[in-house]
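Reviewing the structure listed below.
Naming follows writing order (A, B, C and D), and every chain is counted from residue 1.
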Amino acid sequence: MHDRVAIVGVGCIGFRPSTPEHSYKEMVYEAAMRAYTDAGVDPRRDVESFVTVAEDFHEGTSIFDEYTPDQIGGALKPVHTITGDGLHGIATAYMLIRTGQFDIVAIEGHSKASNIKTLPEVTAYAQDPILNRPLKLNSHFIAGLEMNRYLFETDSTREQCAAVVIKNRFNALSNSLAPYGANLTLEDVLSGPVISWPLGSREIAVHADGAIVMVLASEEKALSLSDKPIWILGTGWNNDSPALENRDWAHSKYTEEAARMAYRQAGINNPLEAIDIAEVDDTYAYKELQALEALGFCREGEAGTLTLEGFTSPDSGLPVNVSGGSLGMGNLLEANGLARALEIVLQLRGEAGPRQIENVNLGLAQSWRGVPTTSGAVLILAN
Amino acid sequence: MTLLQRDPKAPASWQGELPVTNRYTYGLAGEKFFRTIKDEGHILGTHCPHCDHTYVPAAAFCERCLRKLDEWVDVGTIGDVVTYTFLYVSLDGSPLEKPEIVAFIRFGDGGLIHRLGEIEPDQVEIGLMVEAVFKPKSKRIGSILDIKHFSPVKI
Amino acid sequence: MTAKIKEFPGISLSEQDFTDGKILFNFDKLNGIYAWDTGVGIGSYLASLKAGVILGSHCPNCRKIVVPPRTFCEFCYRPMDEFVPLNDSGTVNTFSLCYVTWDVKRIKQPEIPAVIDIDGASPLHGIMHMLGEIDPKKVKIGMRVKAVWKPAEERQGSINDILYFKPIKEV
Amino acid sequence: MGMQKVAVVGAGMTKFVRRAQETAKELTWEAAHMALESCEMTMDDIEAVCFGTAPDAFDGVHLNGEYVSDGAGAWRKPYMRSYVGGGTGVFVPIQGWYHIASGLFDVVMVVAEEKMSSYYPHAQAAFMTIFDHTTERPLKPNLLWIFAMEMNRYMTTYGISKADIAQVAVQHKRNAADHPCALLGDKDITLQDILNSEVLAWPVQRLDVSPVSDGAVAVILAAEHIAKRITDKPVWIEGVGWHLDTSYWTNRELAYPRYVEYAARMAYDMAGIKEPRKEINIAEPYDPFDYKALHHLEGLQLAERGKAAELYSDGTASRSGNMPICPSGGLLGVGNPIAAAGLMKIAELFWQLRGEAGARQVPGQPRRGVAQAWGDLMQVGTVVVMGK
């Protein structure tokens, strides 16, 4: 059994509102080639198993697993799909290596969101067909309900949520991978159209296309392949009730539970002390605040104040979403968690360029699968 | 990274649809839950004695312990607004001129997602007591839409 | 333990139960519209079909020619180096005589789908298409066939620019 | 430190029916609930949940794994859904296996569910969307096409007759008559019934095909130290394997499933099996169509290429034969709610190896079995070897 597992290669392509020059297979191939080159492996010879994260209706194909192997070098190899976020995929690769049956495993996630012409209706098809779908409501209503209850229970404000948008889109200006960098004011964010009050349109991450591939390896292989292996110290994932009728509307219970699992593995008791940098889900701005509380970085109701005070800015106490988050890099569907993890890997390697944070040794990535789900995952990485 | 040149006449994209058409049965619990809404205008839940949790809408099983639930309870037609939103976009993403008022209304330990009606947006608040307004019995088919909306309880 | 299981759950319904209103149910339909980016490989394939040519691509490493064309080889994982126009003829690798449409309608005259190994591509490299202008009883694996194209002005850059493949009359 | 050994310790399933009244969540719950009861466990004992279902189009819910999660017992637990098309049913126990073998968990609930009847009016129509959206779907393909074409290629390559193949359907449907959950068990069915059934897509006839069905199956997996505490009859997962071939199915030899061979070799290696024909006592190859069982027996190295039909004609495959094949009745007899059908084979081996299969019990105290599923575009093999 291999106890220690590291990320030894990363590759990506994108991230842009549309990518008409290549098909999804060609796009993924480029990201994968970069990851394999980065890891110094030949996928046909060295990579023993492959994991893809994808959902049929996001691809427009039933049984999308069929179309996953070729572009990642997995043809006629042990390949499987997880219908989860990229962090679920990393956790899967982590488990596969820990069994001792595999030394090197690759994980792929991508978005061709620009190809889905009816995305709101596709998203709504995830609602319960008997209880909810007959109401014919745009799925943003679920975020509106959640945000409103979150603000109510925690005494947080729309301004605090807007501060997340300002921070993350400003951070994105220093990230050449991020298409949605901007220098915004509170007024800019709050004056945008309302989508599902209290949720405004500028608090919603816009979709983008792109692909991310990572290569994971057992300790022995990692040390021989890489000068800068990034170790997986903990993985956690969890679901709250999928039913809108049974869930906790204010708290991200799945993140609390996923974090508990990951912290236990990593031996972390005080996350704020232990963790130097975090990338969390911000596909809706309030989700960042909710996540920071669920992850135990602060008490309930404090995340908004800390954000307004700049505590989560790059040069401050706990830099959060230095990459720009999903608000800056775009909502990448199943690849969202991989984008969060990618930034942590780059930061821990000291390869984050103009946005590099000093002295980072331990980082956390967190993801959520979007409305209407209650599915989240946490990954803890160290250099 | 490709050596090949894309044919300059290549079409940018290929258009198509994913034809998915479904028929959903309401299932073991849904059958009785919606029959009762249709025939009696009552809202039912099921209670899990093991977890001391009352599921509304009624469920056939407890999601926490997976035990079978057969203790049915009538939870009345009045509940409180746990959270609400004013929704300005329609199902296809186009803007709505007049927002929909959508709420989660608590019954038992669960509740229902529905529209609020007979109310102005500025009157909506968390904790507001609202009552189910049913369609006339003759128009009810056994659907969540047999409830027209929830409106403030008239005192 | 398991051997004690006597009763297995699961309630079986008939179509009549639905039409008689014995149970409650509803319908829905996904409005799922997509515009899939064709990219370099398939984009060029479609453009070639419009011009009346079946296009393949060549892997310099495996020395094989594949169809439909792609920009990288899935077996050696290296970039393909050139597009190769193939012949519009081939050999029936396998086929079926199908009396049911995709949406389960019965038909009297069978559709004849086939995998056709395309001339000019490496062995066992074919595409799926239909056979036509042939008596269903006479279709054989190994039979030589040729594409029947739509008139040039009606072609749209689609696999349907080929109407079907018909037998080549051996001289 | 060695890899944690993993055992199956409980199983449950629903009847396989043409149209279930239960929702997808309820079917899932019924199987999961029965699996818990079968080994006297509660949800407090379950540390993680693995779920399998094939395309979302059937249940008719986007992100279907999330929607069904409560039925599987995923509430506030680590939960993932794995997905390899038709191969999913035998993959999801592999997913459960790596959850435990990794050392992260000790007890995992594994559930597979399919409610094909929710795709209306015709479940088969959903399969049009498994083909390539740009290069194949415009031809309006039918799922039967690829099976019929693969069957034709297989028959022609090896000179196998329709009657050779129809023996499979006869035996599996007869076996299924003893399965309490079966949809199409028939003790009296004959070779002529199969050969005279309506032609759908030559060479495929109506009775060569397993029926569209609804159903769910669950098994509970446990690490060695727990398994031994729960039961004196754990059934060990001795080997697992899976392989996915290229998407370009028209660029492959269809007469032989090399992806099944690779998956089988992976599982046999792990199980330490050198001579599968001698060391495997029961086989549950995937049989959505009768020829597929033969195709897969060859891929599983349990028969020479083109010779699997002989296992049926010489009696080896019968329930009292040397290597009973699909004593459950298989998909052809029990039914084919896709992912659930694969996991049914795992449940069958569990019951058979414990001697709890009732009227279906194969004689001679079998020691080891193999279950296999197949899926995607004639493309994926998933294999699990189980032993006492």
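What we mean here is this: a residue touches a chain if its C-beta (ideal position, glycine included) is under 8 Å from a C-beta of that chain, and two chains touch if they have at least 3 such contacts.
What you see is a predicted model; the values in this text were computed from it and never measured.
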*What is the shortest path, in steps, from subunit C to subunit D when you may only step between chains that touch?*
1
*For subunit B, which other chain has the most distant CA centre?*
C
*Counting C-beta pairs in contact, does A-B beat A-C or the other way around?*
A-B
*If you average the Cα atoms of subunit A and of subunit B to get two centres, how far apart are those centres in Å?*
28
*How many angstrom between the C-alpha centroids of subunit D and subunit B?*
36
*CA centroid of subunit B to CA centroid of subunit C, Å*: 41
_Residue numbers of subunit D (touch at least two other chains)_ = 19-23, 57, 60, 62, 70, 75, 120-121, 125-129, 133-134, 138, 246-248
_Please output the residue numbers of subunit A that touch at least 2 other chains, ranges allowed._
20-21, 26, 29, 57, 60-62, 69-70, 75, 115, 117-118, 121-122, 125, 129-130, 134, 241, 243, 246
*Numbers and ranges of subunit C residues touching at least 2 other chains*: 11, 13, 23, 26-28, 30-43, 46, 71-72, 74-75, 158
_Interface residues, subunit B side, partner subunit D - complex_ = 14, 16, 18-31, 60-61, 63-68
*subunit C residues touching subunit B - in the complex, by the definition given at the top*: 11, 13, 18, 23-44, 46-48, 50-51, 57, 69, 71-72, 79-83, 157-158
*asked:* Under the definition above, what is the set of subunit C residues touching subunit D in their complex?
replied: 1-5, 8-15, 23, 27-28, 30, 34, 36, 38, 42, 45-46, 66-68, 74-75, 93-104, 110-111, 113-115, 124-130, 141, 158-160
_List the residues on subunit D that touch subunit C in their complex, please._
10-22, 27, 30, 34, 38-40, 60, 62, 120-122, 124-125, 127-128, 133-136, 138-142, 144-145, 148-150, 152-153, 156, 180-181, 199-204, 214-215, 231, 233, 246-248, 250-254, 350-351, 354, 356, 358
*subunit B residues within the subunit A interface of the complex*: 1-2, 6, 12-13, 15-16, 18, 20, 22, 24, 26-27, 30, 34, 55-57, 63, 82-93, 95, 99-100, 102-104, 109-115, 126, 143-145
